[in-house]
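The structures come next, written out as structure tokens.
You will see two complexes here that share subunit A, one where it goes with subunit B and one where it goes with subunit C.
Let's look at the complex of A and B:
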């Protein structure tokens, strides 16, 4: 029927997520790395027992150390927009799968000898980083779609502007109301509807919301006059707009909260690792 | 001066700037004369200008030779000056004297007037202009609708919806006059057929766009009126039909020479097919049969009837200054001063000074007009005007005329010699010749793309270089030139599409039969099941291919410019298997199927290629057919997604950023990367824009095939790069035209911010605003501290041209949500929810 114009070469159109990047290239590499480490662990002739201080333990330890340092450089890579044929998606993909492989490599490195010392602290911190990262992968896979559904086609600024417009209408509409009723509306308008603690933000519960309270009060009154009906309608709209913004904030918080563990724990891990390495060489 | 019963030396018909100037000069020289004006006042065209109109005096570098004064100013002042000076010169004027016929021969012409009187003259100067013959609206006009072809006083109308059709100088000035006073409450819309204001003066265009920016006037480009009814007008726009309220239409679409009257002067008549017709070879001959062609004239303005001279707009010179100079000159010629050179002579002399051979300006012009195909139908006078805006350059054998990837939007014609095109960038020795008289560089003119190949002079060559504006004007005023350029560009597009092995001789039959057709958005080009047998090439715009399944249109394919379609039915003689309609306003080239078939028979390699392409298409058709039972929702979804993308400008995009919102975590790293790659300002807004089925089209440049932003860039700073990117270079003057013209809002005006502290200082020392675009307050504070005034310029995506690794937005996306797609790939993106 028809013939397309010749395709342009070299356009980056690979439309796939960081998890399936290049047909799971980094997953395979990570799995192979783990298998190799496991096979080595089983066959390495280490006396008297597998230990971080044996030759095989040092090998695994060095690999794990290099991996951790490289993984932590993602933060720099992400922010340094240098030229070149790199893609942050490939980096993220490798970060995820190589990071997960540390569970196997570092555990084998310990030789299952854990205790209350600086070495185990480093191990524990690393597992914390990985656990928070696992949470991150989960929310990155699940929440974007919800984020997109919730925002419709509105940008953050449009949402805030829409709320401001409603507030202006409410302010005008509340003028003819009785003192008590208008006080409720004013109270709702005066309140910063987004001030909330971390928990409230993450669970999206705002029990002190005065808009909700004012709505409830209006709902109790069964004989609303035209002014009151208009205000009640506007309050409904305001509540809906607030709900959209709060839901957006909740989703963004869920997408971001793990980084508050992941990053500080990584910094702590790098510190603990330094102590671990220095102490091993000192007290050898 | 002889009495009216006697015979005057010269009768001047028409008292416009040309006629007035001729009469004044005749009076000054003591030559007996009469100036015949059909109305009851002088200079009817200027008289009919709207009140208070500012009349311009271009071209500014041309000296004024006339006995009358003329400088830019208000209509009233100019008319007053002329009336006064003509009176002082004691010119012999006859008002209410419309000439209806001219008979006789040089030495004794008889001019018959409408009131029955006659005037006898030894010579006649026709200076009747073209205003008496305005181009009429071509769409149907309903009963009661008001359509007028002139505007006397813009203050006359209040609270009306007024549509001005035609964005030449007259239309723009009318529209601005009507909208000038907000108190009048007029809603003024000006409509232009094309994207560019090719025929208007730059100052007018700038003033119009400024008014549009203030919201006082609506400008509709690429729009034509398709019907005018009482109280309403129907527009045909790039994106389909639009209806608008309209109380009055003012049509200013130019005018054509009043040909019938001019041609009949001193003509002999004969009976032809029962009608009175002019005998060939008699009367005043025109350069071609085109409606807008001009009389054929000698360099002294003498027509093909000896003794009748034609000057002014009727001679092809619409500008007042030219007209007045010609009025002066023609009297000088009549007085025997044949060695007088036109006023623009020194300008042209200087232009031609570097050409070898030391020929005179007239000789050069004659050579250009004779040799260059697209100039052959121009009169010497038109040629003069064209050359004032163009260059004639000499190249030694082997000298480079332009280099591949040079920016450039001018068109060249070979006046003498020939050039060689280096078709293979890797091997400069492979060349294709372009011979004398032909044009090259027309792609730059049509698309604004960079030069596609290096071109050298193959022998000592004289090439004419027409600036973009001069070339567009040439195409607009000389239909023969437009046809010639069209033909060449069709031929070159076909050669490029069908690949190597073809020569222009092979394509001759097809190109000869090719017709360029404009298609409205959504117009059906091929109907499924129909029996027609034409093949189409998309020249501009794009089309969608649909198949009707159970009465439901199912989206099959999307074809951008440079594709061809319709060959399937031609090759195997079947009925049309699918419907093809234009996605946006498009231009297609239609050529007959049998000519295409004959071409395939002659060229087996091409046939092979066509059959391979066809097999792939047939597979998709069969696939759709066989699954029609199970289609339902999935197909609908697919069709709708594709439609959404077309609606959002992907139909005219060459490369667009899309965001898959099932992957986007909203980190805005794309925006940050964009800002950090380009002077600290982001050229995309991730969150803004439309979304359908989780496919988000952010506010970011689509790199349109025919960029709207390019249409009115005064310094021509917007260009297309070698990878198709549309970019703004450093010559931007910050006028904001492109920002207003972009329908997708992707251009921002901002000043380049001061440099930020580096990444490491931010990371470890907390210095500076960090990665991404710095906040407005930070930029402002820093800029003030530096004390340097940085101008705001237009900023838009350049697809990270020149940055290794390609677009930063895509490279910096951590999850793979940001992708860039071109028209050939966007279907596969639309298939995210896979049909199969």
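Let's look at the complex of A and C:
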């Protein structure tokens, strides 16, 4: 989606990232908007100090509000793909760059006056949304390649099936084992690899992995008989397969997590923005 | 080397039938064809699909055709498994390989169940969605929480509150509206923090003057309304546009309190209104009003020269405003050449040095020798003759024994009485008890009095008060005695100057006393002198940015200073009537 190189050398393709869409058209528009806002801020005659409630503050606030509402409509817009002037790509490109321009516009709107109030809450939520979006663009540019590398030629389904196959073999191979060793295998098999929290997924850290524990237990026994060796070998394979699955989960989590911030924070921002505007006019 | 094949079939009732047979050799072929060691009746399987070669405990799987096979869940063409444990999937069948003892491999063939991967395709768990609450519920919860806390609760408690007179000492009734504040209130209104409804009395109605006047009942207006309206200059297009937008949102009209005074600008003193609020009218006021006031829009650029209220004639009672630029003379009833007294090495200075530190001098005279600041440092106390002048200009008129008699100063009647009661007998010579011998003694033939002729030692009041008399050294004779001396406390009744704020400056920077040989010189600096440091509101350092409010007050404050300047606590008119302007 967001590969930074639009074309491979010598071979023009139809694909062009939304970031470079129309030679960075929206980037330039956003930069000009920011410069205009900055110049206005420097020259606006606002006394006694820059303030969201001055005429220039209201102007910037109105622009920022319209931008935010429009930006949040991407969620609606993306569900209806069209081509041409207002293609989804153009829309997305504008979404990214105009969204970034809000950092300047809204910050100038605050007049650098922040506090513990609904106004700053709206500002903080907006910055959170922008930061998460920025993160999203970054990971979309970098992680899909890693995701593909990790997968090798396997589909997710194949990974799951491979693990299931190993589990069946483990189950069969562990039949001759004594109680204690059997319990280790059962513990490893019973553990659902997908029962992992957000943190475990994001950090790819599973200190409670029972497959790893079973392997450690088998490694501690120095004299393994043929059955036990076989089970240990299968556990190694299981651990390797688990590692691939978990890396996949990590990459997916890193790729997806921003949306879990971006979307709810956007909705919360719209709420906070409503409260911000209503409160200003309520106590007019 | 052999393979033990266990073929598991399941009957319709679910019973398993297991058939076993041995396949000798280290190669096993699998395919649809009956020629294979293991024949699998599945169209998805090729006639000759896989060859398995056993070597020790290792098994090598090799695809015979172009189709691969699934080994341990992965699609492969060629794969070696070292520990003899593998799961081979071909079409709908699964073959489990397990290396047994004595080089025997156990192969179990069974038909796969429909779905072995669990529910769905089992890949749902890869996504973060399986570990996190959905985005929508989270979004809804946040939205509802924000609406409740920051809209519903404040609005409900606002509309259901009891309307009372604002009381800064009581907390407000509206809940959660502290979250609406766009910034802290200034020090003056600090107590109203959290009591928003005392100013924001009606929803969606901008703060009105009435709200301010609830407390600031007696604050005076700058001028009468019609005059104010007349004086207001034409608005620039920008101001006009702002005004029109403000009207759309029902902001109170021009001249409202909130026009000049903005709140929620942060803690500390309220910022003085910008000079443009004054310049709106005063910048070009002579176009619209007949007024003695000169135009003023910026202290550095457009501001009339200073006019001091002074007495110019003996006997004048009401001070008269005169432009300082004309170097006016004043008459304050005293003869005092500043230059003479301040000249280093001059008589008065030498005298002061001779008097020494014990008498409060000890060094040449300077301004502070006579001019003592008031307690607040704002102005100067009147010079007192006895302490400031009397050390040199003695009023001692008589000596009685070891005591000196000093004339009462400032009261002609007492002075006359003191002189009338004085002992006017000629002084006898100092009795030493020694006599001249013989006929040279008093009464003798050759007595001669060579002492200076004796006069009455105490002069007459009339002589003292007349021209050439001791009083006329400093005073002008007139009336019953001398003309009264006036020492004005203030010369500028409409502007403000605080000496305390200028402590670092030398007196001579503004007051050219050392060049003044007459007390009739008005030693006040003109606007030029002020402008060496003070320029208009936009002045950049090192100049001092000075808006109108630094020296002037919009609301009549009488002898009180304008609210803006200085560190001293200066109160805004609340319920107290403002002091009326007083004479200088």
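To be clear about the criterion, the second predicted complex is superposed on the first by the 254 of 284 C-alpha atoms of A that agree within 3 Å, B and C clash if a C-alpha of one lies under 4 Å from a C-alpha of the other, contacts with A are read in each partner's own complex, and residues count from 1 in each chain.
Just so we're on the same page, a contact is a pair of C-beta atoms (placed from the backbone, for glycine too) under 8 Å apart; a residue touches a chain by one contact, two chains touch by 3 or more.
In this text, all values refer to a predicted model and were calculated from it rather than measured experimentally.
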| task | Considering only the touch criterion stated at the top, classify A:28 as touching first (subunit B), second (subunit C), both, or neither. | result | neither
| What is the contact status of A:140 with respect to subunit B (first) and subunit C (second): first, second, both, or neither? | first
| query | Now for A:252: first (subunit B), second (subunit C), both, or neither, which partner does it touch? | reply | both
| query | For A:173, is the partner it touches subunit B (first), subunit C (second), both, or none of the two (neither)? | reply | second
| task | Answer with first, second, both or neither: which of subunit B and subunit C does A:164 touch in the superposed model? | result | second
| request: Once the structures are superposed on A, label A:89 by its partner contacts, choosing first (subunit B), second (subunit C), both or neither. | output: first
| More residues of subunit A are touched by which chain, subunit B or subunit C? | C
| note | Note: overlapping subunit A surface for subunit B and subunit C spans 153, 155-157, 252
| Which residues of subunit A touch subunit B in the complex? | 1-8, 10-18, 21, 76, 78-81, 83-89, 91-92, 140, 143-145, 147-148, 152-153, 155-157, 252, 255
| subunit A residues within the subunit C interface of the complex | 45, 47-49, 51-53, 55, 113, 115-119, 121, 153-166, 168-169, 172-173, 192-194, 196-198, 201, 226, 229-230, 233-234, 237, 241, 245, 248-249, 252-253, 256-257, 259-260, 263-268, 270-272, 274-275, 278-284
| subunit A contact footprint on subunit C (complex, rising order) | 70, 72-75, 82-87, 89, 96, 98-99, 101, 108, 116-118, 121-132, 135, 138-140, 142-143, 146-147, 150-151, 154-155, 158, 177-184, 196, 200, 203-207, 242, 245, 249-251, 262, 264-266, 271-272, 274, 276
| field | Touching residues on subunit B, where the partner in the complex is subunit A | value | 545, 556-557, 559-568, 577-578, 580, 610, 613-614, 617-618, 621, 655, 660-666, 669, 672-673, 676-677, 685, 687-691, 694, 696, 723-724, 759, 763, 770-771, 803-808, 810-817, 819-825, 828-829, 832
